[in-house]
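Shared chain: chain A. Partners: chain B in the first complex, chain C in the second.
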Partner chain A sequence: MAHFEKAKNLNEWLDQRLAVNTLKRVLNTEYWIPKDINFLWAMGMVLAATFGMLVLSGIFLLMYYKPDTNLAFDSVNYTIMSEVGYGWLWRHIHGVGASIVFLIIYIHMFTGIYYGSYKRGRELIWLSGMALFVAFSAEAFSGYMLPWGQMSYWAGMVITNLFSGGSLEAYGLVEWIRGDYVPGDAFLTRFFMLHVLLLPLVIIGLIVLHFGTLRIPHVNNQEGAEIDFKEAADLWKSGKKKESKVIPFSPVFLSKDVFVMGVYFILFFYLVFYNFNFAMDPVNFDPADGLKTPAHIYPEWYFLWSYEILRPFGKDAGLIAFGIAQAALFFLPFIDRSPNVAPAHKRGLFQVWFWVLLIDMIALTALGKLPPTDATFALLGKISAWTFLALGPILVIITMFEKKIEKGA
Partner chain B sequence: MKEKEKGRRDFMGMALGACAAVGGVGALYAAKRTWDPLPSVKAAGFTTIDLSAAQENVLNVEKWRGKPIFVLKKSADMKADERDIVIGSDRFHVSIGLCTHLGCIPAYEKEQHKFKCACHGGEFDASGHQIFGPPPSPLEIPPFKIDGTKLVLGETGPEYQKMLDAGLTV
Partner chain C sequence: MRELKILVVVVFFSLLTYYLVEPYAHHEMHKKVDAQGNEIKIESHGFIYEGKADIVEAERAGDASKLAAKKAFWADVAAVAKLKGNAAAGEAGFGLCMGCHNGANMNMGGVIPPNLDHAGAIYDKNYLIALIKDPAMASNVDHKYSDTMMHPMGSIKSMMTDNQQIADVVAYILENKAGEVTPKEAYMEACMRCHAVRYGKLTQLGETPAFKHEKEALAYKIKVIDEQDAVKAYMGKLPPDLSMIIRARSTHFLETFIENPQSQLPGTSMPRVGLTHEGYEKVTAYLTEVGDPSKEKREAIGPIVIGFFILFSLLALLWKKSQWRDLH
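Up next, the complex of A and B:
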């Protein structure tokens, strides 16, 4: 058996059994972060904190929610909203959190693209991040079903119909996913399970993986500079803090994270208390009705861009375009062939590409919200969708010819 | 001796792999069956509609398996179609009222004798053929059996079988 000394305090007692001091060193006090990063790098912690809020508020909602097509609507809109003390608070936190979390994810993603943080050595960070994005999307969609309003029902109908695979007419598959001919009780209970158990577990696992992928290649920095982390860390440890290019994650960098989170939560709770309506679709305050479609079906804002890519094409082509759009960003580390890890403003054409991508996605989002009847907007939607699809091959070409940037220190 | 030990380990590895594969396939099959529609859901899949009271050019929407069913008695000036259900001298258009694009419910426009889907602008004529927009195929006809002036949905009668064989519906 291993040798144990009598511990002088709790920390020592734990350290002998759990190696807590080593853990603290590896994960906190000697986990090195470049000095040269701005507030955009705090979005990771902001996301973790928002996820925490979602889990917490979700637990309270879970205690009164009823996963039954006859009871679900009232359990949310009557019981939780007007009977349960402060039930409205949890619902507003949950609703606002679910919407805002995607805004932060998109900022986090575009920060990564702008600074090239997905490149050589950091591919796994990007891939695990994209997997998280997919898991969050599934989590959001399954949660959207639960209040069982009109939008829930018809979003469920339309999205599950995508699995018929266009002309493949795979209705057996669609009915299997639903457990019924239309979204019904079986559908609601299985999405409930996914939303409160399976997907959160997957998300937590992926978050751990995402953090893990960061530990060895280390976080990128504003200049994309290659830092010798060992050398820089030794400088810091020997007291030459000014000369060192790095700081320890805890407590030094964490204090910046916490400050950004403070500002963020002021905005977050402003929305929760005064402006929660933006996250609540009015159509979803009508109970689900399988015999009446709402005039205009659209998803929440964070899915609009990919929904708009689906729309301008015929059924099969639309499905294929939609599929490509979902998967395209995964391949970013492999289609960007440039040798540079550098911010976009130093990479010439790549900068143009970056802004076109961002503006195109905003345009798709805006157009996706408009009713499909206007011909001009439909045309703009088509152009934006084609632009998105073309951006992948264009990136391959422009980065193939990108010259290596000579870096001054 | 060493060789022998290696052989034993390989064997144990293979045995474990085989057991795991059999168990895994079994578990997957059980999981798949668990998500199948329940027998009670399937058993509730029949609906009887009486067509004798239907009025010309007025759309009736019935419910079958949770889905809306369009029942439209055609007037004399409306084109006959091989997808019509003929009962005596009356012709009916009966279809599942879900757009074949992504499943919205189209609305019936009485004067123009056509169905219009608000979701992405798809249109169908009074026989359910797509005439405009993204829908890739005609409105589907549910399995039916003619029983006097009544229609039993969910059961495959000879008339429906004929339409199926002719590829008029899926």
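Up next, the complex of A and C:
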């Protein structure tokens, strides 16, 4: 066993046993961040904070929620909302958090795409981030089932039907997933387990991995400049703060992160107290009824774009298109053939591609909710879906011909 | 400044997406169109019952005989409304009402007739006149009784045929059956005979009492189920529990639906309720109290929490400025 001196204070005592000083240095005071980044780089911390709020509020909801088809609706809408002290606050925080977390994820993703933060050296950051996106999607979907309202029930029906494999009609698989012929008690309890145990564990693991992937390639910066981190860090440590291109995560970048989080929480709590309805579909305040189909079945807003890629096509083609849409963004680091790590506005055609992607995804989102019975909407939906599918091959072509940008010019 | 420019872009696209998936999509989803494909705007009539909505509805359906019947009926109602009612003379006529509306909790042809203790405070004068003249027409559910069935209150048509008598009875109700009414009482008189509110412990039989013995509780439950079965047989389905209705439907939907259920749900067996504006506000106050009980607390705590984060952000900004002072 190592030799232990009598410690003078708690920090020293802990340092001898846990190397807390080293940890603090590696994770905080000497974790170098480029100086040249804007508030969009604080979205990671905003996401971590929102995830924290979701876990915390979720624990309180978990104390009173009943995963039973006869009790679930009332346990959420009556027990938690009326009988539990501040139950309404935890529920609104959880509901608003679940919706707003996707807005921040999308901002985070588009930031990565705009600045080319997925490119060579940083592929794992992108891949682990996309894995997190998938895990969050599963977490959101399983949570949406729990209040057992009309939309919970019917969304559960529609989404699990996707696993019938189109014309394969592999209903055995669908029934295996549901544990019944229709969404019922087995379905609710297993989604409850996924939502409160398995998926949160997966998410926490992936968050650790995502942070880990940043350590060696380092965070990208506004100009995509390649920084010699060791040299820049030495400059900083020798007191030449102005000349150094980097800053330590704590306390310098953290002070900016905390400010951005403060502003974000003003918006967050404005929504919690004054506009929580945006995150809660009114249809879900009608209890689940397997005999009454709602007039329109649609997912929550953050899934609408991929739902709209499924919808305009026939059974099999739709399923294939949907599959491609789900996987397409994973391949971004490999289909972008350009040698440049640079913001989109410096990359010519890529910039056009970026804005088309953004607008197309917003169009898909809007059309995914609009009734497809309207001929104009149906046509626009088809065009948007095809545009999305075409954007992948187009990216390969335009980036193959992208010229190398001379740095420092 | 670059960061502000970026913020404007982010906010713009977020709000655009919000606008498209919330207000715009909901407007498009709940659009009602007539046979010619024209959009029907469902208007609120300010809780005035002069038959306008029913006449427009019959016109739209293109049914000439129905249109004539509706016009004639509401013209009759208008004529009665012009007569000066004598409340003292109306007392005897009101006695006829008490044969059914006596608080005995007895199901009459499908539903329990409501107490009329506050009828003068929550129902509109024209509606009361119309209801005595022809209950099915007044409630705008005549389509339901056109062939075989008779409205449970249908017998009133043969009991009170004289216009002056109707005017007197209505005058009596408005004068003597008004008084202060609580939101809960308004709900119980206007809606409860069909719609339970389980989060408010209300069933079709009234407020559920506390029982000492399980046996008594079970016996009561059976009585409730029997009553619900009767309502179900009469209405075609058990009308929904309204505990959460305030959050499940928009205020526009609730307002126009209560004024004229046919406007939002053509063919429904839900009758027009005939509430005045004050009566409607009482009923929705009760539904809000049950379905959205945190409203007051939200309004009390909200400003404190948001104020905290404004202060927090200001302090964080000062800290950031001090940390970044000598970096550029």
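Assume the second predicted complex is superposed on the first by the 408 of 409 C-alpha atoms of A that agree within 3 Å, B and C clash if a C-alpha of one lies under 4 Å from a C-alpha of the other, contacts with A are read in each partner's own complex, and residues count from 1 in each chain.
Note that a contact is a pair of C-beta atoms (placed from the backbone, for glycine too) under 8 Å apart; a residue touches a chain by one contact, two chains touch by 3 or more.
None of these values were measured; they are calculated from a predicted model.
> Could you check whether chain B and chain C clash or fit when both are placed on chain A?
Partners fit side by side after overlay.
> Would you check which partner chain A:247 touches, where first means chain B only, second means chain C only, and both and neither mean what they say?
second
> Once the shared chain is lined up, is A:35 touching chain B (first), chain C (second), both, or neither of them?
second
> Please indicate which partner A:286 is in contact with in the superposed arrangement: first for chain B, second for chain C, both, or neither.
A:286 contacts chain C only, not chain B.
> Of the two partner chains, chain B (first) and chain C (second), which one does A:311 touch, if any: first, second, both, or neither?
first
> By the touch definition at the top of the document, which applies to A:81: first (chain B), second (chain C), both, or neither?
A:81 contacts chain C only, not chain B.
> I'd like to know which partner A:161 touches here: chain B for first, chain C for second, both or neither.
It touches chain B, and chain C stays clear.
> After the superposition on A, what does A:296 contact: first (chain B), second (chain C), both or neither?
Touch status of A:296: both partners.
> After superposing on the shared chain, does chain C or chain B touch more chain A residues?
Of chain B and chain C, the partner in contact with more residues of chain A is C.
> After the superposition on A, what does A:70 contact: first (chain B), second (chain C), both or neither?
So A:70 meets neither chain B nor chain C here.
> For the superposed arrangement, tell me the lowest C-alpha distance between chain B and chain C in Å.
In this superposition, no C-alpha atom of chain B lies closer than 12 Å to one of chain C.
> Taking the contacts chain A makes with chain B in one complex and with chain C in the other, which residues are shared?
295-296
> Please give the residue numbers of chain A that touch chain C in the complex, ascending.
On the chain A side, the touching residues are 35, 38-40, 74, 77-78, 81-82, 88-89, 103, 107, 241-242, 247, 251-252, 255-256, 258-259, 261-263, 265-266, 269-270, 272-274, 277-278, 280, 282-283, 285-286, 295-296, 301, 304, 358, 362, 365-366, 369-371, 374, 377.
> Residues of chain C touching chain A in their complex?
Per the stated touch rule, the residues are 2-3, 6-7, 10, 13-14, 16-18, 20-22, 24-25, 28-29, 198-199, 240, 243-245, 247-250, 293-294, 297-299, 301-302, 305-306, 309-310, 312-313, 316-317, 319-320, 322-324, 326-328.
> Under the definition above, what is the set of chain A residues touching chain B in their complex?
Touch list, chain A to chain B: 154, 157-158, 161-162, 166-167, 169, 171, 175-182, 184, 186, 190, 290-293, 295-297, 311, 313-316, 318, 372-373.
> Using the touch rule from the top, collect the residues of chain B that touch chain A in their complex.
32, 35-38, 41, 45, 61, 63, 65-68, 101-105, 118-121, 134-137, 170
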